[in-house]
Amino acid sequence: MMVQVRFFAALRERAGRDAIQIDLPEGVSTVAQLVDWLAETDVALAQALEATPRRMVAINEVLGNEDSVVEAGDVVALFPPVTGG
Amino acid sequence: MMVQVRFFAALRERAGRDAIQIDLPEGVSTVAQLVDWLAETDVALAQALEATPRRMVAINEVLGNEDSVVEAGDVVALFPPVTGG
Amino acid sequence: MKTHIEVREGGLSASEPDLWLRDQGRSGAVVMFSGQVRDEQGKVEALHLEHYPGMTESVLGTIVEQACSRWHLNGAWVAHRVGTIQAGEDIVQVAVSSAHRQAAFEACAFIMDLLKTRAPFWKKELIDGCWIWVEARESDDQAAASWLQDATGRAPR
Amino acid sequence: MKTHIEVREGGLSASEPDLWLRDQGRSGAVVMFSGQVRDEQGKVEALHLEHYPGMTESVLGTIVEQACSRWHLNGAWVAHRVGTIQAGEDIVQVAVSSAHRQAAFEACAFIMDLLKTRAPFWKKELIDGCWIWVEARESDDQAAASWLQDATGRAPR
């Protein structure tokens, strides 16, 4: 299934990309599984994720967590802990 | 001993006076005794004090209480609970 | 630490304490409280504020000093109006600056709670053409006492 | 109840929320928080703020809704800057109006605490000519969690 993954802040800079479109294989259905799959299939992303061990996630612009379910067409955003205000 | 007694707000209006100079007899040495003495010696003040049963007191511009000691030359202010802000 | 304590007849505006507290990056947080004349569903046309000149400034100064001894503040501004004030206008402003927001929130609330119960101001309301003295509120006493409980559980004067 | 939620590149001034919240005597209390860029003893020259357009406004809206469900508010204003901001300038303003001051203080602190931990903003600091990402602070997580403990003692998402 197709999903969009977006990166922000330090993770965006480390990934060298704002966003990617990916076709997830069967069996990848949670945020944790998505992150593992990204790290397995893309060395640059693996390094960016490893360099950003504290992360937050939003699915379709709503905060989620590692166990949140990812569905076709979702926009999954990965980013470091927020630091506004 | 001579002291000045000042009145504020509703108590001032009820007393019909801003301030009085009084010569306290011996034995009147606390705020409570001063208030009792005022009520005994001045009918108008007795009525004003009775109509203002919740009161605060300041001696020389510092908040005190019924047991505070009054000394010659003091300025004793009597007023209803404050309502600023 | 700078402090500004003022009793005035004229109007208050939020930009005054905001500008006065600015310190080129020393503070990270400013909390400002503005107290305004409520009309109580159109019932109250105006307020009249009386105070005890001299004592007012001295009490406000003491309250601000107490706040400074409890929290790390860079600045504190207290301005209170007296005289006649229309519904919707500001009666009082308390604004404090600090490195961090929690100190600023707490110190600002503390100053207001103590001001409400200790500073010698009295207000009357204009209702149906008559001036009526406002009664002190029990809840204000409780708010002030909650900051001031000493080890014995007694609220000190 | 009126709300204003805004992300902007330009500067903030205290008079804007002050004027916008005025309601001719309905509210008795306005509490305003301004967050400013600290220079950390001259170390930090500027900040750069990045955000997630769309999600930011939606998260801020949700936080304000939560505040409205907990306290009786008449108005809430949240404005946050993005882009480059110099030391001493305002980053964020949160201002709320209510009949009484306790609700206004609490709601304003609540909105700030949640904004700090949930709204998708990220800042980097310009130090010695280099931009360095700011790390999130543990104390901010704790401040937000303290509002959100449910009956089971778990902080809900």
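When the chains are written out, they are named A, B, C and D in that same order, and each has its own residue count from 1.
What we mean here is this: a contact is a pair of C-beta atoms (placed from the backbone, for glycine too) under 8 Å apart; a residue touches a chain by one contact, two chains touch by 3 or more.
Please read all numbers here as calculations on a predicted model, not as lab measurements.
Undergrad: What is the shortest path, in steps, from chain B to chain C when you may only step between chains that touch?
TA: 1
Undergrad: I need the common contact partners of chain C and chain D, sorted by label.
TA: In this structure, no chain contacts chain D and also chain C.
Undergrad: State, to the nearest whole Å, the distance from the C-alpha centre of chain A to the C-alpha centre of chain B.
TA: Those two chain centres are 73 Å apart.
Undergrad: Averaging over Cα atoms per chain, report the distance between chain A and chain C in Å.
TA: Averaging C-alpha atoms per chain gives centres 49 Å apart.
Undergrad: Starting from the mean Cα coordinates of chain A and chain D, work out the distance between those two points in Å.
TA: That gives a centre separation of 26 Å.
Undergrad: Quick check: what residues of chain D touch more than one other chain, meaning two or more?
TA: 35, 112 - these are the residues of chain D that touch more than one other chain.
Undergrad: For chain A, which residues are shared contacts with two or more other chains?
TA: none
Undergrad: In their complex, what parts of chain D are in touch with chain C?
TA: 13-15, 17-18, 22-40, 42, 44, 87-88, 99, 101-102, 104-105, 108-109, 112, 143
Undergrad: Would you tell me which residues of chain C are touching chain B in their complex?
TA: Per the stated touch rule, the residues are 35, 49-52, 54-55, 58-59, 80, 91-92, 112, 115-124, 133-136, 157.
Undergrad: Given the complex with chain D, which residues does chain A contribute to the contact?
TA: 6, 8-10, 54, 58, 61-65, 77, 79-85
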